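In the two complexes below, subunit A is the common chain; its partner is subunit B in one and subunit C in the other.
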Partner chain A sequence: MPLPSFSLATADGSLHHFPTGRHALLCFVKEDCPTCVLSMPLIQAAAEAFGESIDIWCIGQDAEGNARLAATFALAAPMLDDSSLHVSYRYDLDTVPTIILADAIGDELDRFIGFGRSDWQALFQRLITVTLSPAPVIDWSRYPESRPGCGSKSVEPGIAERLEAEMEGSPIRARRIDVGESDDIFEFMFEQGLTDGLPVVPPTPERVVRMLTGTKRDPQEVVGIVPPNLAPVTVEKIAINAVMAGCKPEYLPVVLAAIEAITTEQFNMHGVLATTLFPTPVIIVNGPIRDRIGMNYRMNVLGQGNRANATIGRAVQLVVRNVGGGRPGEVDRAALGQPGKYTFCFPEFEERSNWESLHVERGFERTDSTVTVYAGGAPNGIIDQLSRGAESLATSYGLALATSGHPKQYGHGEIVVVIPPEHVDTFAKDGWTKDQVRARIQEVTARPARELIRDEFCAEGITLQQAERIGLDTLVPKFRDPKNITFVVAGGEAGKFAAYLGGWVSGPMGSQMTTVKIRE
Partner chain B sequence: MHDTTWFEINGKPSVFIASTEFTDAAEAQAVALGFPEVRRIFVPHPIQDATDDEMRAKADAIVDLVIEALVD
Partner chain C sequence: MTTILDPTDERVPVRRSLTARPESVTGVVGLLNISKPRGDILIGQLEARLRERLPAVEFRNYAKPTFTKPAPLDLRQRIAEECGFVIEALAD
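Right, the complex of A and B next:
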């Protein structure tokens, strides 16, 4: 394999092309590297001794430093400017100086890094053979046996990602938006309508490349079709929004899985967005990834303060907004909305529960990491500080849940109840299963159909005809199916307070809870 | 709006009907779908709490417009 071809210019603009048609010595240096400075007299000696027969080039990594190096050493060899670092990057340099000898067609004959007296002596011998020139006079005793080199500028933090983004084969295909130097980037992004009303992190190419290191998936893989505009969304586009939301690369697999989940037919993101009601994707994370990325499932679990919880949910919202085109006042018709529409993501405190965790209940292995998305409303507190037994506590849950939406609205679909550790202990003490809690909720909420009829006292409810069809004295439970009541354990150790997240229209006509395995 | 444009693409005349509160949403979605001229008719908002008679009145008021849009 020949070395990559390139064209670089000297400070005065004279272009040099590689391969050169004869032997070439490429010397990659940077000014602030003492080992490069140590090597400069030898590069100079080589240029004077062999420069007639072969091309000897210094390739400097910093424009101003190049000029100073050339002046200090009255360099006979051309000093080529690689301050863009594109050639250094393509040559996969880790260290400077890197000295490469190539033949006429650009095949590599020799390479060494740092400073090695014997490396240079061997190189000079080789150049004498190639050029048939006399050996230059060098006082080798002035040179140490060896010196380590310095890091190439092309591998400095932040720069490698920029270079990857700029080079051929870059994973980035998204259209670039230029921002004027005098513009405030944060204000610009507000003006472009790219934010949820809070500042976003500018998705520079290097940040997006770094974000993409969080997944092995092809950046151009289509992850889903995002409503309302039914726009295909790639891993790259999701990574851009994850940057904007403030995610770390290790969160990206969770965001990707959440997007997969909300773009399923059964979750019906279009409906969740377009409804005048309250729902938004509530993202519940299970499995080992919770700890690997530092999510919070303890105190203030539904609140602020944890970067992973906060930014994963926000990234999903930004994808719907920026890729799907789902903006409030347009297709998002929420009358009130809710704070969870900025972000709503939390993990289950699996270890604190004697019950099966949500993902195991939904058919996954405990060792799997999953996201479960649910079209949920804002948290409503259920305060029960006095129940010492499971039955009393489940009764409290039923009494509270009976009011979800409206006390006379029955036949409800899905609901999620977040259960704190102290309540879990109360259920565990009496050995209650989740199904027992569900059954008690149905029992407590059940009311005769006649009490649910629309009347002068309260217009909401079912029609008389519906009630008669059911049977006026038939007991109707709040939820169509007890399996629609989902329990998730999370929260701080102190506080006997649960929360329910009201649902939306569930079932095939609405949205159905959806769980997707996270591919790491 | 997705359904309306789908029918139109498949050569079936169609018209979108919603209440006036959804004028902006219909506009945004029609433009996003590349069919800004999709035929649409709005009835007075609201419909959620309308009685059957009120609904019939809303329908009567637009029925000629619907026919006109479909045979245009």
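Right, the complex of A and C next:
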């Protein structure tokens, strides 16, 4: 297979095209590499001895260094400028010097990297055979046997990703926005309305290319249709927003799965966004990926401080904002909103639970990694430090949950309770199952319909007619179905404090909890 | 110069001009209730007042199945076919 063709110019602008129609010796060098400097007299000697018959080119990796090298060695060979590094990148260089001998049509005949005296001697022998020129006089004793080369500039951190983004066949399709040098990039992004109110990481092409290494999925694959604008969102667009949120590439599969989940019909992101109520996607992560990407499911699990927890949730919010066009005051009509609308993502502390984890309960394998999205409100604390038995603790949960939304609003849909390890132990001591806790909550919250009627004391509640239809003395549980009560174990080892996340309109008319397997 | 990639859906907003306002209200007026609580009361009051002022006009009532989701396509099409005007209203 022939080497990639290219055209490069010397400092004075004269263009050189490869392949050349005759043998060519391509010598990739950079000035600040001592091994390149060591090799320069041999390149010069080759140019003087064989330059009539074959093309001998230096290809330098930075413009100023190229000029100094050419001047220092009074170079007879043209010094071609590859300071853009495009040719170095396409030649897949790791090391300079890299010396490549090619034939007339550009097929590679020989290649070596670094400095090897015997490599150069063999090369000279070959060039004598090819050109029938006399051997140049070289004092080989001045040269060491070998020297390792230096890293090619094209593989320096940050540069390889930029080069990949600039190449033909780049995974990048998004519109490029040039920000003038006089503009502060961070202020620019605020002014363009691209942030959630906090600064974002500028999504440069190289950062986005690096982010895309976090998934094997095609960058142009459409992951979902994001409301309210019903905009198709690709892996690439999600990667851009993940960069802005501060994600590492290994978080990307979680963000992708979360976007898949919130863009389902059953999750109904449009409604979750447009409501005047509190909900936002609460992202609960299960499975081995939690540890692999360093998520926090222990102390302060619902709080700040862990990059993965914080940035995955934020990336999802930025996708809804930037791709879907879901901005507060526009289609996001929340009266108060809540802090979780910046970010709300946490993993389950599966190892600390004696129950099935959330994802197993929802039909996945324990070894699967999943995200579960729930249209939830901000955490409300349930403080029970005194219960030493499961029944008392479940009673406390019921008393607290009865006030969710409003003490007289019943027939609620979904709710999530985050259970800390100390409460887990209390339930475990008595061997209570999740269903037993659910049943106790329903039992404790149940109130006769007559107590829920709207009255002069408090206008909230059900109408008299509704109460009569139910039966005035019929006990009404807080939640329509105990299955709607979801438990997730998380938090620090010390502290008998649970939290519930109030829901929104549940069921087919509203939003339903949705679990998606994470594809890596 | 820094180059960043556009994080949005890159759709240039389409500017739509308002339909020319007719001189008078004739034909059929649709009243669309989005199904929020007490929306029916507001729409009912509106209809009663408008009937007094516009005796020659026919009013038809429509409702979204739920306020939480956009109106289904068939409902939007039905309103477009049947009505010359539509008033969408909600209460809370």
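Everything that follows uses one rule, which is that the second predicted complex is superposed on the first by the 520 of 520 C-alpha atoms of A that agree within 3 Å, B and C clash if a C-alpha of one lies under 4 Å from a C-alpha of the other, contacts with A are read in each partner's own complex, and residues count from 1 in each chain.
Everything that follows uses one rule, which is that a residue touches a chain if its C-beta (ideal position, glycine included) is under 8 Å from a C-beta of that chain, and two chains touch if they have at least 3 such contacts.
This one's a predicted model, so the numbers in the text were calculated from it and none came from an experiment.
Undergrad: Could you check whether subunit B and subunit C clash or fit when both are placed on subunit A?
TA: In the superposition, subunit B runs into subunit C.
Undergrad: For A:G329, decide between first (touching subunit B), second (touching subunit C), both and neither.
TA: first
Undergrad: For A:A45, decide between first (touching subunit B), second (touching subunit C), both and neither.
TA: After superposing on A, A:A45 lies clear of both subunit B and subunit C.
Undergrad: Taking the superposition on A as described, I'd like to know which of subunit B and subunit C A:L501 touches: first, second, both or neither.
TA: After superposing on A, A:L501 lies clear of both subunit B and subunit C.
Undergrad: Touch check for A:V233: first (subunit B), second (subunit C), both, or neither?
TA: A:V233 contacts subunit C only, not subunit B.
Undergrad: Identify the partner contact of A:D178: answer first if only subunit B is touched, second if only subunit C is, both if each is, neither if none is.
TA: second
Undergrad: Let me test your reading of the model: by the given contact rule, A:I453 touches which partner, first (subunit B), second (subunit C), both or neither?
TA: Neither partner.
Undergrad: Looking at subunit A, does subunit B or subunit C touch a larger number of its residues?
TA: Comparing subunit B with subunit C, the partner touching more subunit A residues is C.
Undergrad: Looking at the overlay, what does A:V254 touch: subunit B (first), subunit C (second), both, or neither?
TA: neither
Undergrad: Hey, what residues of subunit A end up touching subunit B and subunit C alike?
TA: 229, 270, 274, 325
Undergrad: Would you mind writing out the residues of subunit A in touch with subunit B in their complex?
TA: On the subunit A side, the touching residues are 228-230, 270, 274, 325, 327, 329-331, 333, 459.
Undergrad: Which residues of subunit A touch subunit C in the complex?
TA: On the subunit A side, the touching residues are 172, 174-181, 185, 189, 194, 202-205, 208, 226, 229, 231-233, 237, 240-241, 244, 268, 270-271, 274-276, 318, 322-325, 505, 509-510.
Undergrad: Going by the contact rule at the top, pick out the subunit C residues touching subunit A in the complex.
TA: These residues of subunit C touch subunit A: 1-11, 65-66, 68-70, 92.
Undergrad: Help me check something: in the complex, which residues belonging to subunit B touch subunit A?
TA: 2, 21-22, 24-25, 28-29, 32-33, 49
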